[in-house]
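Take a look at the structures below.
The following pair of complexes shares a single chain, chain A, combined with chain B in the former and chain C in the latter.
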Partner chain A sequence: MKRARIGPWIALTLGTLYFIVPLIATFEFSLRMRRGEYSFDAYRVVFADARFQATFGYSSLLALATIIVGVLLVVPTAYWVNLRLPKLRPVIEFITLLPLVIPAIVLVFGYLRLYNSESWLPMTGHEQATDLLLTFGYVTLALPYMYRAVDNGLRAIDVRTLTEAAQSLGAGWPTILFRVILPNVRVAVLSGAFLTFAIVIGEFTMAALLNRPAFGPYLQLIGANRAYEPSALAIIAFAVTWACMGLINLVGRGARTAAPAP
Partner chain B sequence: MAFLEIDHLRKAFGQITVVEDFNLAIERGEFVSFLGPSGCGKTTTLRMVAGFESPTSGIIRIDGKDVTEAKPNQRNVGMVFQSYALFPNMTIAENVGFGLKVAGRPAGEIKTRVEEMLALIKLPQVGGRYPYQLSGGQQQRVALARALAIKPKVLLLDEPLSALDAKIRVSLRQEIRQIQRELGITAIYVTHDQEEALSISDRIVVMSQGRMEQVGTPFEIYNYPRTRFVASFVGTLNVLKGQVVDAAAGKVTIDGQPIASASHLNGAKPGEACSIALRPEAVSLTDPTSGANSLQGMVEEVSFLGSVVRIRVRFGENAISLDTFNKPSVAPPAWGTKVTVSFARDALLVLDGAEAA
Partner chain C sequence: MTQSSSTQVTAARSAGVSFGRIDWAWLGVAPFLIFALLFLILPTGFLVVGAFQDNDGNFTLKNIANLSQPSIVAAYWISIKVSAASAVIGGLVGFSIAYAAIAGGVPRWIRPTLMTFSGVASNFAGVPLAFAFLATLGRTGLVTALLVTYFDFNIYQYGFNLLSFWGLVITYLYFQIPLMILIMAPAIDGLKREWREASTILGATTWQYWRYVAMPVLWPSLLGTTLLLFANAFGAIATAYGLTGSSLNIITILLFAQIRGDVLHDQNLGYALALGMIVITGCSNVAYIWLRARSERWQR
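After this line comes the complex of A and B, so read on.
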């Protein structure tokens, strides 16, 4: 009996060490900028760097745009698939999984080929158009996570009956979608949104090849030229991701507290 | 002209016809139940009235207006669902006022109407709560209030009590009927529970395999079933296999014992097999009065059901279940006792299409 209990604990400890030790080492190294003592100098340098503020701000803005476009694309699609086209679900799921199979570099080369300045739609010829292209690229990258989160949320409620109840009370499609369905999958949408934010903040390939001043390429640049700041940046990136995950849990817990009694 | 008219309604999903030639005229303020087993087409018919399903053919008119092609949100039809379907993100007051808000009614009017509806369902204090904070019965009453708040022309109830426990079902069905009478609203109630349909309806439509088997008052449906299906589905029925002696005089033998029916056995020839039905409550263990039928048999089973004792008597190939009131002073017969059962001639039901076994 005791032996059976020890096994899982050993596995858990080894797993935790595997993840925690490099993180602690990175954190410890990021504090060593001042010779002979620990300090937050590396963090101070990073936060004071105008490029950090600019790239982080740029990526945050694009993450926000990605979330808005993603929600507007995914929620009505997933809703319609659940309500009227359940037979299409495997096809839609397959399509939304494609970004996990096709590397970002392949996607971005496709974009460059299709939308370069010599093409019929020269989006890479203008900064704002390239930002738009990058946003669409991010929407594609985040699609598997956003779709699954929203689809799970929709499956947890009785979409069809709620829709019919609203219809019988005189509601049209926009009212049903925005006042009945969306508020009831709010937690799922927020989960998808936080995951999207975490993906966009750390994304390198697309932003670098489209030559946009995003946080990912900045991380790479600092990593190639400085000693302690990259470690500080890695910890900051982890903190941002964890904050997103924490928010998902927090929002999820709030929803569970308010969940209907069985 | 009836308030709600359904003419030659038909619904097919591909090659499968689920509702066939459904015709019904419902008067204003009438409470009609669609009764039948699962898959008989009762819910599909209701959903066509609500606008959630498009008929393959036929016409639906509400208050003289053809609504066959109208969208569900343009029919002014209130619907109560089996699963309550309250909006989880809204408070009870917001749920009840939803339809009025969608219709763009002023806030003051919505507030007054919501209070009125919550008072009607005897839950005036729950406006600020969320659906999950109420019991199943309370949620269904709120769903009823929400459907009624918009003053619908027709109230549709799709097995609204199926998810509730037995005691609440009984009290809530009486409450639904009382509210419907009070408001004088036309209502269609879908159920597979015959007791529910018999107890609250003005008329019942019994359905089987997409067809209307019989339309009538609960009294007519129970006492004068027109088909074998209606007779067997509504209430408990003893079906006896016998042999025709004299079709014109309604005389048959059951396991060699002669009995007579008040009805003729149209078209049957002497010696042919026939089926005759009897309600358990039409049979008694007392000696027959003059002109009544009697059969002698042996007690096969005694079931104590509280106020009623159900006794099963076997005659050979046939057996009859009969109900007697529980009298504490009289013990029910023991198993294996020889008894005589009696029943009136007019208690025997000769069913359409059931003459030949």
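After this line comes the complex of A and C, so read on.
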């Protein structure tokens, strides 16, 4: 039933145009900094900007911290729910979906009220404490994606048998978690990690409202004040997102070829 | 008391562990629950409670009533319109593209390419997306310039403005359409080829096939995903902020200004503003989850 008809091609062509044209336009615009000829000047200016380096580095570090905290939080929880508390699964799943219901701007509003400098747990008074708060905020934002990735990974392996085998060989809980379970859901964790990175690197709302020098607020600042650099930054951001998604595909494919069907 | 201890015994038996370890089993998820409480539930709860309090902490409905100020209603309304338009258009276009790539009889390589690209584009939101559209359809954007050069047609003279309702909708579609494609792909896979063949053999027209076979199966996921897109756009702020600064009066930008500088001069009204957002995204997400449960019947 191969019907090569005109309709699908029209839909795909128009779709491609809509998605490709802004990328081409942005790229073209980013090359126009030098009058009369195309050049990579805008990129040179961006990469040489100390604030670009500082904010991009800061956001990368935050993304890394978010991934570490997220993995430490999600993997044991999802493992434990799979192993011992299957009845709790709907509750945990519901909680992990809440960040999709509650917009980030509402969450950070709550943080600012609950953890301000006069509160019981002042986290916005001190820079490091605010960084911590921002990291926890990002962990919350990434929770739906991280939890689903890890949970899917755990469902694909036999958690109970692995645990019992490890226990009968005398392994304690840390060994089971980090040397048995984690390597087995490596691909799922990495997918969640790259997705987290893509979400965190350009995040604007939380960083701006918590007043931290992250990449998202920097982008906004440049956008308000410069002409060509924003386009270069948009291309860079797109490339970073693309790299994250490419890595997710790569580790996924690697897992499929590395683990041949028994 | 008796009841709870008897459930504990049953739980202990079914888990095959002794009494002492049951409490310990709950402890396994305690870090997660504490985290969720501290950074998800309490902050939201604080705003919800604050929405029903006056400055001295007494219960009041005044904040909710104050939401009916014209400027606030206008902000909610334009947010709802932008989200609904981008969700409906994004839903229809995304579905058409996904259907074309999956069931349209096009070469095989198109589908994985489309899926990978959708994964990227659905995450390419926020400030950079705004830059991309400014470079495309802004006053000096490439498409604007090309239209003037080759067709002598200045879209800005004919009332188009990127920093407006439709400009925002067109920009939001860049992440809405890919999200629709990603979520609808499994549902379209669930449309079995045999159904199409059987209906053709029985003499059904294409329209009859869609009306009586495909749509009854697809509508929960179509509608559900559209609602998800709505909530997705409703909570978005960075794209709009990058595009328009704070000139477009959507609800997230109003809330942003309120958090930054209490522009409403009423803290508790700010909480009510947040509560209104939670209610709206909450409703569309609950409907999405319900519809998703319905649609999964067909995907086995």
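Please note the rule applied: the second predicted complex is superposed on the first by the 252 of 262 C-alpha atoms of A that agree within 3 Å, B and C clash if a C-alpha of one lies under 4 Å from a C-alpha of the other, contacts with A are read in each partner's own complex, and residues count from 1 in each chain.
Keep in mind that, in the parts below, a residue touches a chain if its C-beta (ideal position, glycine included) is under 8 Å from a C-beta of that chain, and two chains touch if they have at least 3 such contacts.
This one's a predicted model, so the numbers in the text were calculated from it and none came from an experiment.
When both complexes are overlaid on chain A, the residue A:Leu162 reaches chain B alone and has no touch with chain C.
Applying the stated contact rule after C-alpha superposition, one finds that A:Ala54 touches neither chain B nor chain C.
Judged by the touch definition given at the top, the superposed model places A:Ala129 against neither chain B nor chain C.
Once chain A of one complex is fitted onto chain A of the other, the partner contacts of A:Leu88 are limited to chain C, with no touch recorded for chain B.
By the document's definition of touching, neither partner reaches A:Val45: not chain B, not chain C. In the superposed pair of complexes, A:Leu64 makes contact with neither chain B nor chain C. Ranked by how many residues of chain A each touches, chain B and chain C are led by C. Once the two complexes are laid over each other on the shared chain, residue contacts for A:Ile248 go to chain C alone; chain B is not touched. Contacts from chain B toward chain A in the complex involve residues 50-52, 71-79, 81, 83, 85-89, 98-99, 102-103, 130-133, 143, 146-147, 150, 156. Residues 1-5, 7-9, 11-12, 15, 18-19, 21-26, 28-30, 73-74, 76-77, 80-81, 84-85, 87-88, 92, 95, 97-114, 136-137, 139-140, 143, 195, 198-199, 202-205, 208-209, 216, 219-220, 223-224, 230-231, 233-234, 237-238, 241-242, 244-246, 248-249 of chain A are the ones that touch chain C when the two sit in their complex. Across the interface of their complex, chain A is touched by residues 11, 15, 25-26, 28-29, 31-33, 35-36, 38-47, 50, 93, 96-97, 99-101, 104-106, 110, 116-117, 119-121, 123-124, 126-136, 141-143, 173-174, 177, 193, 196-197, 228, 231, 234-235, 237-238, 241-242, 245, 252, 255-256, 259-260, 270, 274, 277-278, 281-282, 285, 289 of chain C. By the touch rule above, chain A contacts chain B in their complex via residues 157-158, 161-162, 164-172, 175, 180, 183-184, 186, 258-261.
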